[in-house]
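We call the chains A, B, C and D, going by the order they appear; numbering starts again at 1 in every chain.
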Amino acid sequence: MNVFLEHIHFAGWALHFLIWFPLVGMFGVLLAPEAVSKRLALVVTLVEFIVSIPLWPAFNPATAAFQFATTMPWIRPWGIYYRVGLDGISLFLVLLTTFIMPLTVLGSFRYITKRERTFYAMMLLLETGIVGVFVALDLFLFFMFWEVMLVPMYFIIGIWGGERRVYAAIKFFLYTTFGSLLMLVAILYMVFKFHALTGEYSFAYLDLLQVPLTYREQIWLFLAFGLAFAIKVPLFPFHTWLPDAHVEAPTPGSVILAAVLLKMGGYGFLRFLLPFFPQASTAPLLVGIVLAFGLAGIIYTAWVAAVQPDAKKLIAYTSVAHMGFVVLGIFALTVQGLQGAMIVMLSHGASTGAMFLLLGMLYERRHTREIAAFGGLAAVMPLFATVFVITALASIGLPGTSGFVGEFLSLIGTFLTHPWVALIGASGVIFAAYYMLPMVQRIWFNALDKPENQTLPDLSRREIVVLAPLVAAMIWIGVYPKPFLDATQTSIEELLTTVEQRRIAPPPMIGLDAPPAARAGRLVVARQP
Amino acid sequence: MTFEPTLVWAIVLLPLLGFVVNGVVALAAPERKIVPTIVGPAVIAISFAIALVNFFGMLRTGPETAVIVPGYTWIPSGSLQVEASLQLDQLSMLMTLIITGVGFLIHLYSVGYMHADKGYARYFAYINLFVFFMLLLVLGSSFPLMFVGWEGVGLCSYLLIGFWYTGKVNADAGKKAFIVNRIGDFGFIVAMLMIFANTGSLSFQSVFAAAPSAFTYGGAVVTAITLFLFLGATGKSAQIPLYVWLPDAMAGPTPVSALIHAATMVTAGVYMVARTGVLFALAPVSMIVVAGIGALTALFAATIGLAQYDIKKVLAYSTVSQLGYMFVGVGVGAYSAGIFHLMTHAFFKALLFLGSGAVIHAMHEALHHTHRDWDAQDMRNMGGLRRYLPITFVTMWVGTLAIAGVWPFAGFFSKDEIIWQVAARAVGPFRGWFTLYWVMALVAALLTAFYMTRLMIMTFHGKSRLPDEERHHLHEVPWVMYVPLVLLAVLSVLGGWINVPAAIGRMPVLGWVPHAEWLHHWLEPVTAAAERIQAANLPALSETAPFGGGEALWALVSFAIAVATIVIASAVISRVEYRPALESAAPAGFRRVLFRKWYVDEIYDALVVRPVIRASRWLWRWIDQGLIDGVLVNGAARLSRMVGWFGSRLQTGQINTYAFAVVLGVIFLFLFVFPRLF
Amino acid sequence: MLTLSLVLAAILFAIGVLGVVIRRNAIILFMCVELMLNAANLAFIALSRAVGIEGQVFVFFVISVAAAEAAVGLAIIISIFRHIETVDIKNFNLLRW
Amino acid sequence: MIREILWWIFAAEAVLGALGMVLSRNPVGSLLSLVVTFFGLAAIYVLLGAFFISAIQVIVYAGAIMVLFLFVIMLLNLGHDYHADLRRGVWLVLGGLASGLIGFVLYRAVRTPSLELPSGLTSPLDELVQRQGAVGVIAAPLFRDFSVAFEVTSVLLLVAAIGAVVLAKRRV
């Protein structure tokens, strides 16, 4: 297999294909007639997924360096190069994206009725943006894809959404953009600092990694970057856009939003926050606040989720609870914690993605999301009920499903460095059951009393094809997570060692306010080719 | 020569295969009952056979250390290497035999009991899945793998309790069971976190090897770990704080109650305490707590059992009480006594539950014919059933005598063993505590005998309270249901003879049974480490009970109590004039407090459930929508709109205002040009 | 005398401003503007005695501009009057959003 | 000395006329008081030696522009409706405050030492007038230095006239 890949030097064009093929597909879909666009979009996403599969075997878990990396000059005077690369952290997030996308497109065949062509074009543009964010190694390119991703999501929520879709779309857009603007300022600050020290501009991830920052600078930049990612995660106080966005978004929109977009925040913490600002990310006060928000995310949103009348809003709050575990795992700064965070992100993608697809199918049947409108459906739709219960169990972290592995690892990781935080976090397990089981019972069990519920059709073949891979993923990650853990092992250990080294012996401390003579030429930087 | 485990993974995976097959049938063709009828019990039977083969292999070779059957690496993350492998030693072997053995009998029984139910295939799928998770729990070689089984059985009990999910009561009972179990599992998870943090591993072998050095005797850490583990045990084995789900779990089919809520799942907590005996031995405070809660539960549940009218509720509280006994046993450090009672209890409690299932089944068919809406489970509607259900009557009496602790039956030996161990170990720091527990255990034994006799008298003796047109519809249950009853009755008698204490063996009348203390020696390799620690830190066992008298004497006393109580109870109960449930008056005074289960459910509801829901609603409305959404997010929007509005007010459209603005401009201009004007 | 004239110009200018701000009749408003212009002329004339004749030349231009402005202004007022039958500037708020 | 007294008389006349114009309720009344102000100013111009300008003032301003205003007032027959168009309340206060502030600021500006004004009554301008005559002294700079401005002013007046006609013409 690897021989074949070397033969077509897969490593060279793989990432480019993954990023730009959906864009090409988008134009294809826009030009295709209305009826064909649906199937064409499915073909494009399937090809994208098939091409992305070899990434895993071809990925060499031994080294932590960026693989499949290529660099092309873009805006040379400003040091902006088109740099892309993949390592343990971003490998599975890319695979999650390409895995979820065809399922979402297939899942939305019957859901989206008006203006299908533009809808599928938006989905493909979204895929380009997401894959771009995960593989970009040039902060400018990263920021560009970060913003590109917002636009299609805004339209998906805004056009095909529910009643308050405009409000939700605007809120989503403004919330995220507000955060990312601060991030842009932080990026520029670092670039100019780099220029001050070495005389040329560079947006490269590895170059900016070597920029020495005083403790105060790190705190401010940490806050700037952190806010952008905290909004995206979403971390506790910045989460209010998520329930609105989910309730109003069409099913495929909220599947992508939940399964992939939320991972941007976690990815951002891992890729940018920890390595760039080691002192800040280990400062007791800052970490304390973030962990407190994470805990609030787990406990508070679980409680709020339990009393939601609308099923989709309930699941939206549960995503905030899940991502609370991610934050806990990341800021524990232990191997188990980070790997646990990775697994929670993957399992959340599968389980919450599946849950939204299921709720979408329920919506297709009864055109309502109120939990009270259902009751006793298990008698009418046994297969639907089975898949729903499996997904619910995976999302509350029943051992043997993917949820447990992730939560258990991140709790263990957090316990090693912050025992009390892990203790409170573990109670999230109880509240998970507290919000999920009543919902399952009110929808599936209890008496089948409403007449319109008595004739609902069970899962169609298409729906089974959409759900089967997701359920398989949940069981697979739960029963045999070894391949996922091994692939991320070295990258995460490398990340932790760099954070540890730079925390103890930071590079020479030259603040911007140091006299120019002292600054010039002090920093010898191994410029990336 | 060393012991060679054979096909151990098959024991575990066969029930899973059964689950898959039955599951597919349940979804695809639920009406085809032949498949689950064969696959369901057959899968368990094969597992039982393989277990027997391994058991005899183990008997022959008698391995000193546990045998690890390798599987695959489950979670390799940095220093945490969790192996998915099975551990076969004397303790897990015994538990596997009980699970597969009693499980098989109950599967057989279910064929008869559930044949009329249209969810037949689904039932067998769930019950097979349950046996799979229970075996995984018992055979797991590390804490996380045990936890997979731990929550898996919780899931299956959730599915099986809420089996007839169309009834809201059943679905609620299932939900309650799962959430209460989850609270216990929280304790288990925290314990696992602490164990890993202190010993660097989670597999039993290395944790117990490292335990004596990693923890100081009676230290805070090991006490915390054991208490959290015990919190998990109380959740799963329905002890004082978290027992409320078990009585409600009677909403499920009776074989489920027999298998899950009597024989296997609820004993998981006792097994876990026995398995982690080393940790508990290192924490005397935890031992006191475990034994204390055990004794308290035994007494408390027995009192409630006295006043219940639903036959399954009585048995449920009896189970909670007997579990209390087991925890007293393992709590005081007598692990083999605890496990011995666990085994005998599995036999006679399964027998009693299946017997009550037979009674309910018969009553249901009778009431079904005449469509009279009487409760088929309420003892006040029964009476005089001995003429119609002879086999059930005899086997139920065997079970009652066993549980009451009458001489030749299993209960006598296992319960007496525990009572004696409590008395013997009431030395050194435990003197006061264990003496108290010993007295409570004796009183609970008396109450057990009383409520079981009350159950038998009300159900089988006296004259039938059923109207006569139902009476002639009452007939004995089919063979597939009473054969397991007979087998379990035999086991309820023989089961006790495998571990007859030496002291009793030497007594005149009571000594006629073959005595070998076989089980104690059988479990020696497993409990050796824990006993070594206890021997090192505690004074030797005393030969006499706190108020004098040897083991033999107190065995005689408890036997006498049991017989006396049965005689008195039957006299008292048969004289009481019971009327059918609908006409009989509601219980009053103290009996009502007992009948309403000391109002524990209402207290929990008021103190925990409702405040949490109210707090959630408050949080959502005020914090999420109010503070964050309202003030901060929409607030910012409103603020910008307000500034815009204020700006627009300035544009009055009249020239004067603009002229005025110009004038102000001029003035400021002057001030700027001639700063020294004032 | 010269500084006194400047002071007088200031006072007249102030009165003109007062009139512009207070009065609501368009025509009166115009007249106040004319008064302010005259105040400016007075200042020019006063200073031309000290600085040179250019002041007076400039006044000449100011007067011509004032005339042009008055003409156009009054034309506008007439056309507005034809629309809304009033010269009260309170009703001239068409431009107000 | 006599010039001082004359100046004060005409200054008082100008101020009273201005106040009358602002505060009078009747548009025609305010117009006439404005004319009175213009005559006062013209007299002051004479005192300051700008004879030609004072003539222009009287002829063009008082004569032409004020007549135009009177004509418009009569055309729109506003003469008689005395409804109080004076803005009451806060605007009165604000207006007074603003004008007071302007007056004070200008007064202080004038009083600042940086303006060294010749205190004497005579100025180089007087004998220039003697030599070239009142009109000549203005004509020279007007047609030599400011000829461009002069032409532009003529264009301006032309445009203004056409504009006025177009605007005020009745749409037929």
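Here is the rule we use: a residue touches a chain if its C-beta (ideal position, glycine included) is under 8 Å from a C-beta of that chain, and two chains touch if they have at least 3 such contacts.
Note that the structure is predicted; figures quoted are calculated from it, not measured.
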**Request:** Work out per-chain C-alpha centres and flag the one nearest the whole-protein C-alpha centre.
**Result:** A
**Request:** Between subunit B and subunit C, tell me the centre distance in angstrom, where each centre is the average of that chain's C-alpha atoms.
**Result:** 99
**Complete:** Cα centre of subunit A to Cα centre of subunit C, whole Å, reads 69
**Prompt:** Distance from the CA centroid of subunit B to that of subunit D, rounded to the nearest Å?
**Reply:** 106
**Prompt:** What whole-number Å value describes the gap between the mean CA coordinates of subunit A and subunit D?
**Reply:** 76
**Prompt:** Residues of subunit D touching 2+ other chains?
**Reply:** 87, 91, 94-95, 98, 102, 109
**Request:** Give me the residues of subunit B that touch two or more other chains.
**Result:** 656, 660, 663
**Prompt:** Mind giving me all the chain pairs that touch?
**Reply:** A-B, B-C, B-D, C-D
**Asked** For subunit B, which residues count as touching subunit A in their complex?
**Response** 23, 26-27, 30, 72-80, 144, 147-148, 150-152, 155, 158, 162, 165-168, 171-172, 174-175, 178-179, 182-183, 185-186, 189-190, 192-194, 196-197, 612-613, 615-617, 619-620, 623-624, 628-629, 633
**Prompt:** In the complex formed with subunit D, which residues of subunit C make contact?
**Reply:** 1-19, 21-25, 27-28, 30-32, 34-35, 38, 41-42, 45-46, 48-50, 52-54, 56-57, 59-61, 63-72, 74-79, 81-82, 87-88
**Asked** So in the complex, which bits of subunit B are touching subunit D?
**Response** 656, 660, 663-664, 666-667, 670-671, 674, 676-678
**Request:** Report the residues of subunit B in contact with subunit C in the complex, numbered from low to high.
**Result:** 648, 651-656, 659-660, 663
**Prompt:** Can you list the residues on subunit D that touch subunit C in the complex?
**Reply:** 3-4, 7, 11, 14-15, 18-19, 21-22, 27, 30-31, 34, 37-38, 41, 44-45, 47-50, 52-53, 56-57, 60-61, 64-65, 68-69, 72-73, 75-76, 78, 85-87, 91-92, 94-96, 98-100, 102-103, 106-107, 109-111, 115, 117-118, 121, 123, 125, 128, 137-138, 141-142, 145-146, 149, 153, 156-157, 159-161, 163-168, 170
